[in-house]
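What follows is a set of structures for review.
The following pair of complexes shares a single chain, chain A, combined with chain B in the former and chain C in the latter.
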Partner chain A sequence: MLEAPLVIEYPFNRTTGPVIGAFLTGLREQRVLGIRGVDGRVVCPPVEYDPQTSEPLTEMVEVGAEGTVTSWSRVTTPRDGQPLGGAHTLALIRLDGADTSMLHVVDGEVVTGDRVRIRWADEREGLITDIAAFEPVEGGV
Partner chain B sequence: MPPADNDRQVTPFPAGLWEQPQPVVPAAVAEVAEPVQRIRVPASMLYRYTPGAAPSRFLRGLRDKRILGEKDPVNGDVYVPPRGMSPVVGLPTTEQVELPDRGTLAAFCIVHIGFGVNAPPTPFVSALVLIDGAAVSVYGTLLDIPIEEVRIGMRVQAVWAPDEELTTSFENIRYWKPLDEPDVAPELLKGHM
Partner chain C sequence: MSGNRVAVIGVGQTKYAAVRGDVSLAGLLREAVYRALADAHLGMDDIDAIVVGKAPDFFEGVMMPEGYLAEALGAVGKPLFRVHTAGSVGGSTAIVAAGHIQSGVHERVLTVGWEMQSCSEAMWALSFPLPFQQQLVAGAGGYFAPFIREYMRRSGAPDDIGILVALKDRLNALKNPYAHLHEPDVTYDSVKDSFMLWEPIRYSETCPSSDGAIALVLGGEAAAEASAASTGVSPAWIHGTSMRSEPAMASGRDQVSPQASQDCAADVFAQAGITDPRRQIDVVEMYVPFSWYEPMWLESLGFAEVGHGWKLTEDGATQMSGDLPVNCSGGVLSTNPIGASGMIRFGEAAMQVRGQAGDHQIEGARLALGHAYGGAAQFFAMWVVGSDKP
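After this line comes the complex of A and B, so read on.
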């Protein structure tokens, strides 16, 4: 019986809108932006509308390049397309100055409460992968 | 030259239908040149495709430039590509029938927005070809003819890949080209499109 690989691929090309566009532009500049919600909390990555009231949000603020792991999952057998090309940790990270967590990859083993720092990609093009990974901060609490 | 597919103009919403306030962005980001407005985020899924017994027989025939259909045991209809059974009577097809690499254009459309790695330059003609002796038509591309001259009922001939590039693939038939024979009356194609 014959067998062959079959790839189904969709070449999506999306408009970002002004909020996500500013977030991605910031990443290209090695800066992370969040957005201030109606209750004053900073949401990062930013959203266009308030998570509680649905009102449009407009005040974008810069947050830190270090943060705290709030949840994590170790990936020991990565699949094609996953980051870092080997075992890694997927984690929710609350960046300093933000009140919500973002999902990204940590290059190393961490647990909840550990401190991590952004490792920027050498070539950045305005994508979430401009953050190459987070790295554990040695001795950080 | 028309704009590439990825860069075609986006029609704006009518005024007042939908509006979003412009965010206030920190100067360090707001003042950079060429802010991000679009991103490419391709999604792909990798399958391992097993065509099954009858299509495997068909694909092995194509490696030798032979088109092998399979015959309905009751009414004699020949299906190509074969799926191993007759969709009309529900019985297995058991007899292979070799078909010529000629046929009749049963239906077509003119493609203006091409996609995929093997798509010819647009506009091109996407065709359904009823191979001589078959009950159903096969998909293909019709080239070597001005698109305004394409018509249902015209006779066509397969153009095969060079011998050294033949594989167990339907892409061995690179495309179809016009055959210098009288057209077939479209009424005769009824039920075979």
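After this line comes the complex of A and C, so read on.
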């Protein structure tokens, strides 16, 4: 039986458009931007079109650098390529001022309801990894 | 064509360009959708279902993009259907959308085709090395060049027919504000002297890589008549639709004039009651990504006797001033957002019979063919649209 590897490598570019572009630019400046939906709720990370009505959204809203864990999954034995290089928690985090949650990594053990805060990367380039991780807030509710 | 009557009642296109760096993929589609809805005097709430199509997902690296695009397409709470038939997909998608209405299930359907080729390098995307096969780095044109060489051998066509096609289409593109390539200085010699990319195909006989989207609004009979009353523009009634495909590697397959191509044309013309396409069809939008495909398809579709298609090109019959104008929009040779390219052919055919084609309008066009092909010249989609109700 003959075998041979087939490795397909194919680079891609992305055009972010005005809304995701503003979100990523904000991260570079240590600001997190959401967007106000037609029903008044703030979606973060922002979306270009309203999830219910499909109307284009334009009102960017800055949200807080702290938020509340809404659900989580503890990674005790990280595999190659996973963030932080050690045990960590993947969590859904609703930032203060936002009405939706974003998925990111928490450097520490947290459970639903815990408070977390952004730890910014030292060098930021307009990517989601400009948020190096979230950290538990001591004495949080 | 069986089932309920269907017509094109709105057409919307983006400006086509090498890079649309100012919009996201969703924003690009939205431009075309807005224009199509505005053309039909309708809003998103009036649409019953959405049918979308594009070329392979890895051309942009967005897997199953219809999910991410649902909100942008106004598909919340509505059926959203994805079609994929390689380069012919724009045509197939429009036909599937028409089927949603023919069946009697829906009355107003939005259909969208697109590609953002700036996300990758699709011309070479299909040339990855396969185990135990010679890696040719041929690209799409390299694949078709031998078929073209065989056509030239069989037909005895002069060497410069491809140049004439490319020159015609690039000059036609100057009359189409949405076309990607606008080359006012193009001449016979500039095409002839361009780089020989895949002999016998020169650089200027090759389609560009484009970003862009097209959207069509299709309506049933009641919707079409209401739209016509509101807009004052006659609908483009669909007189026939057909799709055919065949295996790329089938033994005995004729790659110059595939059986599926001939069968698809015969079917769509039979549905439309067309017995002499050269005489009865007023204008053709044909999928010609490499110049020589114009005479090849003219023969395969029955517009010319086998071996004589190139004479229509040489005599000027396919120019806008000729008796069978082909690709007045500038065609795929001037604009190629792959997943949209077939639907652009279908939409331009509709624009012609609606009298909406502006500077590239053929006066009095009443019956038009939209044509698309894809894969290894193995997937085919065609429709005939007319200004008269079938």
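The working rule: the second predicted complex is superposed on the first by the 131 of 141 C-alpha atoms of A that agree within 3 Å, B and C clash if a C-alpha of one lies under 4 Å from a C-alpha of the other, contacts with A are read in each partner's own complex, and residues count from 1 in each chain.
Rule of thumb we're sticking to: contacts are C-beta pairs under 8 Å (C-beta built on N, C-alpha and C of every residue); 3 or more make two chains touch, one makes a residue touch a chain.
Note that the coordinates shown come from a computational prediction; the quantities given were computed from them, not determined experimentally.
By the touch criterion defined above, A:Cys44 lies against neither chain B nor chain C after alignment on the C-alpha atoms of chain A.
Of the two partner chains, neither chain B nor chain C is touched by A:Ile93.
By the touch criterion stated above, A:Asn13 is placed in contact with chain B and with chain C alike.
When the shared chain is aligned, chain B comes close enough to touch A:Ala22, but chain C does not.
Of the two partner chains placed by superposition, chain B and chain C are both touched by A:Pro56.
Greater residue coverage of chain A by touch, when chain B is weighed against chain C, goes to B. Within the superposed three-chain model, A:Val105 lies out of touch with both chain B and chain C [touch as defined at top].
Once chain A of one complex is fitted onto chain A of the other, the partner contacts of A:Leu2 extend to both chain B and chain C.
In the superposed model, A:Leu127 lies in contact with chain B only, and not with chain C. Of the two partner chains, chain B is the only one that A:Ile35 touches; chain C does not reach it. Residues 2, 4-6, 8, 10-19, 48, 56 of chain A touch chain B in one complex and chain C in the other.
Residues of chain C touching chain A in their complex: 19-27, 30, 44, 58, 60-61, 71-76, 116, 118-120, 125, 128-132. Chain B meets chain A in the complex at residues 6, 10, 20-26, 28-30, 32, 35-53, 55-56, 59-60, 115, 168-169. Across the complex, chain C is touched by residues 2, 4-6, 8, 10-20, 47-54, 56 of chain A. Interface residues of chain A facing chain B in the complex, by the touch rule stated above, are 1-19, 21-22, 24-26, 28-29, 31, 33, 35, 48, 56-62, 80, 126-127.
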